[in-house]
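Look at the two complexes coming up: subunit A is in both, with subunit B in one and subunit C in the other.
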Partner chain A sequence: MLKMKNNYFQRLFWILVIAGIWKAISLSGLFSPLIFPSPETVLKSFYLSLLNGELIRQTIISLSLILRGLIISLIIALILSLLAISSKTFAGMVETLLAIAHPLPGIALMPLVLIWFGAGTKAIIFIIVHSVLWPLVLNLLTGFRAIPEIYRLVGENYGLNSLKIMWYIMTPASLPYFLAGIKIGWARAWRALISAEMLFGAAGGIGGLGWYIFKKRVFFDIPGVFAGLIVIVIIGVLVEDLLFNKVEDITVKRWGMQI
Partner chain B sequence: MRKYSAIILISILFILLLSGCKKEVENRISIAEQYGLAYAPLQIMKAKGFLEKNLPGIEVNWEQLGNTAAIREAMLAGKLDIGFMAIPPFLIAWDKGMKWKIISGLSISPLGLVTYRDDIKSIRDFSPEDRIALPQPGSIQHILLSMACEREFSNPRKLDDLLVTMAHPDGMNALLSRKEITAHFTSPPYIFKELKDGKMHQILSGKEAMGKEFTFIVGAATEKFYDNNPRVYKAFVSSLREAIDFINDHPEEAAAILATEYNLPEEEVLKYITWPGMKYTPVIKGLDEFAHFLKKNNYISKIYASREEVIWEDVKDEK
Partner chain C sequence: MNLLEIKDLSRSFVTGKNKLLVLQRMNMSVKKGELLSVLGPSGCGKSTLLRLIAGFLKPDSGSISLKGKPLSGPDADRIMVFQDFNQLFPWKTVLQNVVFPLKLKKVGSSRKEREEIARRYLARVQLDEFLHFYPHQLSGGMKQRAALARALATSPEIMLMDEPFASLDGQTRSTLQEMLLKIWQESESTIIFVTHDIREALLLSDRIVVMGSSPGRVKKVMENKLTRPRDQLSRDFTEMYKEIYGLL
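Entry: the complex of A and B
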């Protein structure tokens, strides 16, 4: 517990240091305040956007999109990787898919996605799924393959059928890889989402955080752009520090699989 | 101790990096334009070398950027001296404190809202499910649509929830595929290409929205450039006039030059640059109307006390 508090203290300390440097640079007059607004103007813009509800509304839109994308990717990734470990033929297929799709950045697919789905929610979810799915499958496969053969044999000795072996043995044993995959997937999904929102714009007034930043940009409101970035950072830190670390604490760390 | 000296060293390097400002060069100019027929005088100026002729030894750097926001940011960063864009994005940045003024008008152009749907005859016929594509919020297309909405519905933001942000080429493709969007607010050559489809029709023109003729594209120069390079500035203004006069006096010759630039047949370009409502002129029209509309609807916070605050001297200007 003490260590955790210490961590938070460290975070706070460094944030203050960064804010101090930021303030110093903006005071130095090296840059026009239009390019490099002072921390107060950014905080003020952040606060005003929070007050009028726009920032919160856009954040909720972004988070709901990312959640939907993550859940869909999770399901497809599980199916693909389970298929791949249960059959050689499928393994070939999944590996080929991986080789084709993994190196493709989501943004590069944007022109095609626009034609297929139009500029809307579906297109953004497609981009998110594409960004998350492949690293997740890759990690899951690595995880499954890293499980010693002896685990499975022990399961068979206990008379478990293959479904039960998957659920009771393979899944927990590959959990560290799975979590690592989710972490990478989350980071990639977040980036894909913001870029997609910036490119696609708002349909029906619904735009998300990327759209918020884009709108601030076209109205030349640089403190507003920073305010959007701050939200992205805050969400990133919260998810990493609270969600992922908590999940790791109660699973893989408690089980002694990871330190 | 070594650790701290490393930290100090890195900080010093960082500060040096930040302060590594580039030296001013008297004989250099960077100009930004966007793609479209409204920018034709700049293509002529480039192809005929007017600037080089008027100021021998000048180093001219032409940039074609995808949207106005990028041009403004590059000018703010000091990478560009002169940028061309519509009046509303200019005023929005001026209002936020950007130090720049208008040099000259460039073109007056037909703009319009085009749809393929026969049942849509005016902006009153849009339903909440319809989508209207235009370059971006705050663009001249958006402001013109808001003006029309204010007149029709007494609510300038009435159709804002239908907007989809698309660059002109994307918007045109989306409209022609008749899937995602219902209508497209655009400018030449895209509007001409769309109307050529035959089954498309225009439900609102820029002139109807504004209520009068207005300048579509203006050129703006940063204060820094104006103050530091008066010679280059003057040469640029006269070269621009020369290019505008050239298009007006020799449209066939201009079309031949532009045809290679735009990769279009010569006759088509000639038709486009002499289209009714397509005018190349340094006169600035409609500035005050845009400013008052933007102010009234809180897109900008203030209005210039005198036009000298937003226009450099030596500009033909019409109320």
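Entry: the complex of A and C
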């Protein structure tokens, strides 16, 4: 408990230090306040955007897109990796798909996606799914393959069929890899989302945080750009610290199964 | 009638182009309530034999029958205790690990009742104070004791023990051997105990199946009539030790 508090204290301390340096640079007059706003102008812009609801609205749009993308990726990833571990033929298929798609950055697909799906929600979700799916499949496959044979033997020994072995044994046994995959997937999804929103947030009339930042830049509202960035950072930290770390604390860490 | 009957059992493994005969026409039987050791050098196929009995492997030819019925696949009437410390599920506590098979086999009518049964078996292996520990918090000996409790809890017809104490230090091994003997005598369970340690076989078992290797086969089945509790320093013990040593 003490250590955790200490961590938060450290975080806060360094954030204040960074803000201090920032303030010093803006005071030094080296850069025009137009392109390097002081921290308080940024905070003010952040506060006003929160107040008029714009920032919150765009955040909700982005989060709902990312959540939909993650859920779709999760379902497809589970199906693909389960197929791959239950049959050699499918394993070949999934590995070929992985080899083709995994190294392909989502951004590179955007022109094609734009033509196929138009500049709308579908296009953004497609890009998110592409960014999340492959690392997730890769992790799930590694996880399933890393399960010690003895767990399966013990399961068989008590008369479990394949389906029950999957549920009672493979699922918890592969959880560390699954969590690692979700973490990578989440980070990738953010990147894909923000870039996609910047590219066709306007055309499709969707908006989102990426679009918000882009729009602020167009109007040369640099404090507004920073306000958007702050939201992205806050969400990132919250998800990492509160969600992922907590889930790990009560599962894989407690079980001594971290990878 | 014998509880378990093995007739002309053969099994080979194919590795690349080579076919390796691991067990050749093995014949042996296990009586109800006995503690039988299968003793042999490493690579003699004794683990393969146990895996065949457990149903993890299928024989090439020959038969294994339990209470007169031929075996079909793994089932909870033959429970294996492995050498591997990882046999407990790391995501379950000690208690949950023992409750799990009870739940699968629908032993007991409620969770509370199942936990009660699990606690009883865990007390017999002296793990009552570690019920809520996760396996990674236990020592090797404690893990093996928990695995033993898990195997006992569902009251299998036969317990198959594949060198369960071989990875433990000498002192812990002796403690667990004594514990196993006590439990076996109290519960009247039937145990097939695989080991490469002559002393262990002599200390524990009523009968010893001595195996030879390449291909694995029965060399001799010996009655172990040494009086219990057995004294490793006694003359009879040493005599038998020498005899088996000569066979291996």
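Everything below uses one rule, namely that the second predicted complex is superposed on the first by the 255 of 259 C-alpha atoms of A that agree within 3 Å, B and C clash if a C-alpha of one lies under 4 Å from a C-alpha of the other, contacts with A are read in each partner's own complex, and residues count from 1 in each chain.
Everything that follows uses one rule, which is that a contact is a pair of C-beta atoms (placed from the backbone, for glycine too) under 8 Å apart; a residue touches a chain by one contact, two chains touch by 3 or more.
This one's a predicted model, so the numbers in the text were calculated from it and none came from an experiment.
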Once chain A of both complexes is superposed, is A:Ile25 in touch with subunit B (first), subunit C (second), both, or neither? first
Examine A:Ile71 and indicate which partner it touches, taking first as subunit B and second as subunit C; both and neither are also allowed. neither
Given the touch rule stated above, what does A:Phe200 touch, subunit B (first), subunit C (second), both, or neither? first
Contacts of A:Gly120 with subunit B and subunit C, given as first, second, both or neither: first
One more residue to check, A:Val17. First (subunit B), second (subunit C), both or neither? neither
Using the touch definition from the top, say if A:Asp221 reaches subunit B (first), subunit C (second), both or neither. first
For A:Ile35 in the superposed arrangement: first (subunit B), second (subunit C), both or neither? first
State whether A:Ala101 touches subunit B only (first), subunit C only (second), both chains, or neither. neither
Return the chain, subunit B or subunit C, that is in touch with more residues of subunit A. B
Which residues of subunit A touch subunit B once you look at their complex with the stated criterion? 25, 30, 32-35, 114-115, 118-120, 200-205, 214-215, 217-222
Considering the complex alone, what residue numbers of subunit A touch subunit C? 148, 150-151, 153-154, 156-160, 168-169, 172-173, 175, 251, 254-257
Touching residues (chain side subunit C, partner subunit A) in the complex: 54-56, 74-76, 78-80, 82, 84, 86-87, 89-91, 100-101, 104-105, 134-137, 154
Touching residues on subunit B, where the partner in the complex is subunit A: 18-19, 68-69, 72-73, 76-77, 89, 92-93, 95-98, 128, 131, 136-139, 160-166, 170, 174, 177, 179-180, 299
